[in-house]
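Next come two complexes built around chain A: one with chain B, the other with chain C.
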Partner chain A sequence: MKQLEMFMRQHPWSWSFLAAFLTWAVTAAYISGTGGLALASTALSFSTFFVMVGIGQMFVITLGPGNVDLSIPSTITLSAVVSMMVMDGTNAMILPGILAAVGVGVLVGLFNYGLIRVLTIPPIIATMSSSFLVQSSAIALGRGVKIKPPAALEWISTAKMLGVPVLSLLVIAFAIVMAVLLNRTVYGRSVTAFGQNTRAARLAGVPIERIRYLTYTLSAVLAAVCGVFLAGFSGGSSLNMGEEYLLASIAVVVIGGSSIAGGNSNVPGIFGSALFLFLLVAMLNTFGAAAGLRLILTGLIIVGVVTFAGGRKESR
Partner chain B sequence: MRIRQSILLATTALALTVAAVQPSVADTSDKRIALSNNYAGNSWRQAMLKSWGKNAEQAVSAGTVAAGDAFTTAENQATEQAAQIQNLILQGYDAIVVNAASPTALNGAVKEACDAGIVVVSFDGVVTEPCAWRIAVDFKKMGEIQVDYLSGRLPDGGELLEIRGLAGVFVDDEIHSGIEAGVANHDKFNVAGSVHGEWTQTVAQKAVAGILPSMPEIVAVVTQGGDGYGAAQAFSAAGRPTPIIIMGNRHDELTWWKEQKDANGYETMSVSIAPGVSTLAFWVAQQILDGQDVPKELIVPFLQIDQADLEEGLANTEPGGVSNVEYSLDDAKAYLESVK
Partner chain C sequence: MTTETVSPLISLTGIQKVFGAVQALSGVDLNIHTGECLGLVGHNGAGKSTLMNILAGTLEASGGSLSIAGRDLGQGYAVQDAGRLGIRCVFQEGSLCPNLSVAENTRIIHPVLKGFGWRPRAAAVIMEQLDLIFPGHGVSAFDIVGDLSISKRQMVEIARAFTVTDTGIRLVILDEPTSSLDARVAEQLLDYVGRVAGEGISVILISHLLGEILQVSNKIAVMKDGRVVAFRDASGFDRSSLVEAMGSTVVAGVAPRRDAEHRKTVSEERIHMRPPEQPDDQSVRAQAGEVVGFAGLAGQGQTEALLQIFDGHGVLPSGAQDAGCCFIAGDRQVDGVLPLWSIRKNIGISSLKRLLLGMLIQNGKERELADAWKERIGIRAPDVEAPILSLSGGNQQKVLFARALGSAADIVLMDDPMRGVDIGTKNEVYAIIRQEASQGRTFLWYTTEMEELDYCDRVYVFRDGVISETLSGSDITEENVLKASFKQVSGAA
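Moving on, here comes the complex of A and B:
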């Protein structure tokens, strides 16, 4: 027990997994039969999308106070619209479609960075204003026309092996790569250094402007890729498909035990908190909680988890 | 200072011109109508704006009115829309048609417009300010007829799943109360679970997928529109048989319904409000400017598509849009005649 407590103190991400597990256990106990397993499988399916954008948002937030990417929802929408138009429902065009989506991500990242660097606009304002432009482009381009995703893309987005969503396996592998990128590469260490003390990082020779550019681009590209798979998962793009990812992308980072002030982040927590957020809503829906009560409980539980996960500070 | 003065002069000049044309009541060819819209981010609103734009353009080129401009706020905030309405007052529009972000928060700005002699017509998202006209939809009825339809299809009743809209919004409460009333009338039905789909396909899909593992056999899904396709996907992903899902006239929903109908004879119904109600609001404003006596409270019928009308309904729905009915001046006149 003591050891477990030590482990949890040293690994702030473990709280989100504990919370996710408890939420799942309570709901599963209430559901009869194998419903609990089905619930776990569904939770894995939906959390993959939050993990994808959450990782991008985490790198941006790691850059330190004021750094946040608010253009994620509109980038999801625009890339979904563009990729579905390029693919036009044919398997042969999947790769060009994904490349087009990545292109959208790179452009949005470049644009965000340009606003921040050239016009010295604070990131929160820069990404918010660019999100209006990106969302308008999506509306103008797509006009809300729903183009069916190619069969192969739909398959990979929804397929399950022994109840485990294939896409979630890919995203777990991807998250491991991202964890290595954050903790073991020059780029990742530079991002952390940037967030801990930008001035010190610059004096130590970290190319901070390049780091910032790469980070905003990474976030936009991940949102774009998420848009492609989300369109594959939900049968095409829609104009408001990205909306719920604005606050959720920030919430999964913070609940996952990363510091909102930057300079101290982790990847596993994003997975735990994405599962937790989905299971929490599923649990309250299952118990038939009214919308108002559900929002209050969601708020209170998130505050609780963040408080616990943030408790590590005193132990240092 | 100089700028402010010139604005003042311009406004006064405008006010004078407006005052000068006031006597010719029956002619609206020099009247300008504005649309104040709070949100444009979904297919229904896009179709609504498109209908408005097309109709206004025709009306202007035919010389019926001088302008029919549409303005949409970026953030879907009542304060922002109130400021927008104040701007429209200053710009000297003769009528402002409003789809409001809030039934009450815009009342101040609406009253200012009325006091400035401007005709205010609210529709869809109506305002409570007494000086404005209201073109409302009987949302409660929209919920009730869903259960009525189901009682015909499923005489033995069964467990229902309800997909609601956005928590705390008037429309959501109204449709929900209609469904409650319907279930009370047909007591063989029971609502086993309820989720908020926010009229959005992806949100509905996620919410339904989350509650399905705990649900008994669901015989039908009652909805609010925009959420039917997402619900269908959640059922198929969970490996459950597809229940009767009430659709909401969106093109993706009707397309899915048609596919199912061709594949296995799937039957359901679809109901929503035609986004072309914006054109009705336009002509109501024009008729009021024309000096016609129009009642303050108007109710528009919703647009229902049954199994037999599916092909026709789908053909009349633009890809990406919502089934639509647009009103011409004559349609609007006939409608106003019918409610007198």
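Moving on, here comes the complex of A and C:
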């Protein structure tokens, strides 16, 4: 018990897994039978998308106060619309469709960075205003027509092996790569130094403008890729598909134990808190809470977790 | 006009101030009489500003006693008490709120201006004072301070300090008041200072312009290393005796200057940088293996010159190779320390490319680098995995030295990096600098400590953002540096 406590103190991300597990256990006990396993499987499916955008958002938040990417939802939508149009329901066009989505991500990242750098707009305003432009482009392009995803894309987005979603396995592998990127590469170190003290990082030789550009691009590209799989998962693109990812992308970063003040982040926590966020909603649904109550409770629990996590970190 | 028999208005006895391990003031005795103008001079870091902050109540003395108008003020003396006792202060950095108007700024120190119509009343108070001190000032009471030029801001700041509403003024402290005023306006101020003395208001004037001090002061105090080293009637001083009193009275240990024989072996020029506003043809030049000093009063453009070089301005292709420049901060919390990291990561950040295997940083190699420098520069920590913030200030500074010197950079820029570093560490670092220079590194070293210039092959003295004098070899003397520090460079603002 003592050792467990030590471990949790040293690894702030472990709290989110504990919270996810407890929420799951309570819900599973309530519904009884094999429902619990099905719930876990569903949670893995849905949390996959939170993780994809959460990792991008995490790199952005690591850059320090004021850095947050609000254009994630609209990028998800635009990339879904563009990739579905390129694929046009045929398996042969899946790869070009994904490349087109990545292209959308690179463009949005470049645009965000341009606003921040050239017009010296604070990142939160820059990404918010670009999100309007991106969303409008999606509306203009898609005209509300829902194009069905190619069968192979739909399969990979929804298939399960022994109850484990295939996509979530891919995302776990991807998250491991991202954790290595954060902790063991020059880029990751540079991002972390940037968030601690930008001026000191610059004077220590960190090319801060390049790091900022790469980070906003990474976030947009991940959102774009998420858009493709989300369209595959939900049978096509829709104009409001990115909506819930605005607050969720930030919440998974913060609940996962990354510092909202920047310079101190981790990848595993994003997984734990993505599971937790989904299971929390599922639990409240199971208890028959009305939509309003569910939102209130979700908000309160997030505030509670962040307060608790923040207070604990300071005492270290 | 004053006599020693009258009890002094302000009496400081044995004032001490300690910041961590640094003794900023070590027993200052000073008396100021009513209607007296005291000139206070001394080098940067002599303790002038610290002493004035204690007098104004913004810092608390670590020891000694302070009495004002016969009242002994012990512990807990604070800014509000200073205000009540009629002590006003014009700080060097400026204390006006840039988003408020001139009148609103005046209200801040006059709580009595309240109720309906306070703005016009505040405006009347400040305008009257501005007209009195600086006729033809061109400031309106409803100008927003942030929109005013720096010299107008300075005028408002000074005039505000002399405004009176409910409490009278006994003492006004002017810390470098003329630094951003042109000669005519400065003359108006000095003239006014002479006049208020007759009205029973005392003034303490801090200035690096010795002419001003000699012109208006009745008494002059010279500070050095946290003490008052000379204190007598102004008539007892002239310019050269003041400079002498400010300088080191004891000849420091023999200069460790490297001989010319060393320099003739190097020839590769690495830096050739001309400050943008430089009116003549002087420029910063540095070769491989040279230690080049930047001197002059604080904030005369030395740091800016270093930053320009850091950004590649004036670095010749031979010096830029791939590693370029590294920078050792003096203001370590702002410019240097990465606070969430261990000692190891703080040292490694400037050397990451050399620690790679493929795309991955080898933590083991980084640890070797950090351990080697911990040993060489004597960082007192149990382990390089300890957080940098667990170290004392001086040891944090050593980590910054290790970061820069451990990198591959050929050019090392130092921004007065010895602030708050104890003497033992300094000597260790001096030895390392000499050693590294002899292996071909170039050092550009801004320092406010005269003795450190002895390690330099050449010294550029800065004034108003440009080089006022280039000194080399045996010309690098304290006297020459001081003279150049106060020299007006033609063509500069």
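Note that in this section the second predicted complex is superposed on the first by the 312 of 316 C-alpha atoms of A that agree within 3 Å, B and C clash if a C-alpha of one lies under 4 Å from a C-alpha of the other, contacts with A are read in each partner's own complex, and residues count from 1 in each chain.
One rule holds in what follows: a contact is a pair of C-beta atoms (placed from the backbone, for glycine too) under 8 Å apart; a residue touches a chain by one contact, two chains touch by 3 or more.
These numbers were taken from a predicted model, which means no experiment stands behind them.
K.L.:
With the two structures overlaid on chain A, would chain B and chain C clash, or do they fit side by side?
P.N.:
After superposition on chain A, which the two structures share, chain B sits beside chain C with no clash.
K.L.:
I'd like to know which partner A:96 touches here: chain B for first, chain C for second, both or neither.
P.N.:
Neither partner.
K.L.:
Contacts for A:196 in the overlay, against chain B (first) and chain C (second): which applies, first, second, both or neither?
P.N.:
It touches chain C, and chain B stays clear.
K.L.:
Tell me the contact category for A:145 with respect to chain B and chain C: first, second, both or neither.
P.N.:
A:145 sits against chain B, while chain C stays out of touch.
K.L.:
Report for A:264: first if it touches chain B alone, second if chain C alone, otherwise both or neither.
P.N.:
In the superposed model, A:264 contacts chain C only, not chain B.
K.L.:
Could you say whether A:234 touches chain B, chain C, both of them, or neither, answering first, second, both or neither?
P.N.:
In the superposition, A:234 contacts chain B only.
K.L.:
After the superposition on A, what does A:135 contact: first (chain B), second (chain C), both or neither?
P.N.:
It touches chain B, and chain C stays clear.
K.L.:
Please work out whether A:186 is in contact with chain B alone, chain C alone, both, or neither, and reply first, second, both or neither.
P.N.:
So A:186 only meets chain C here.
K.L.:
Considering the aligned complexes, could you tell me the closest Cα pair distance between chain B and chain C in angstrom?
P.N.:
Chain B and chain C, overlaid via chain A, are at closest 20 Å apart by C-alpha.
K.L.:
On chain A, what residues does chain B touch that chain C touches as well?
P.N.:
In chain A, nothing is touched by chain B and also by chain C.
K.L.:
Where on chain A is chain C touching in the complex?
P.N.:
Where chain A meets chain C, its residues are 180, 184-186, 189, 192-193, 196-197, 199-201, 203-206, 263-264.
K.L.:
Any idea which chain B residues touch chain A in the complex?
P.N.:
Of all residues in chain B, those touching chain A are 40-43, 46-47, 74, 164, 167-168, 193-196, 200-203, 205-207, 209-214, 229-230, 233, 237-238, 251-252, 255, 319-321.
K.L.:
What part of chain A is in contact with chain B in the complex they form?
P.N.:
My answer: residues 27, 30-31, 35-36, 38-39, 42-43, 45-46, 132, 135, 139, 142-146, 158, 230, 234-236, 238-241, 243-244, 278-279, 281-282, 285-286, 288, 291-292, 295.
K.L.:
Under the definition above, what is the set of chain C residues touching chain A in their complex?
P.N.:
310, 324, 326-327, 329, 334-341, 345, 348-350, 352-353, 356, 359-361, 363, 403, 407, 409
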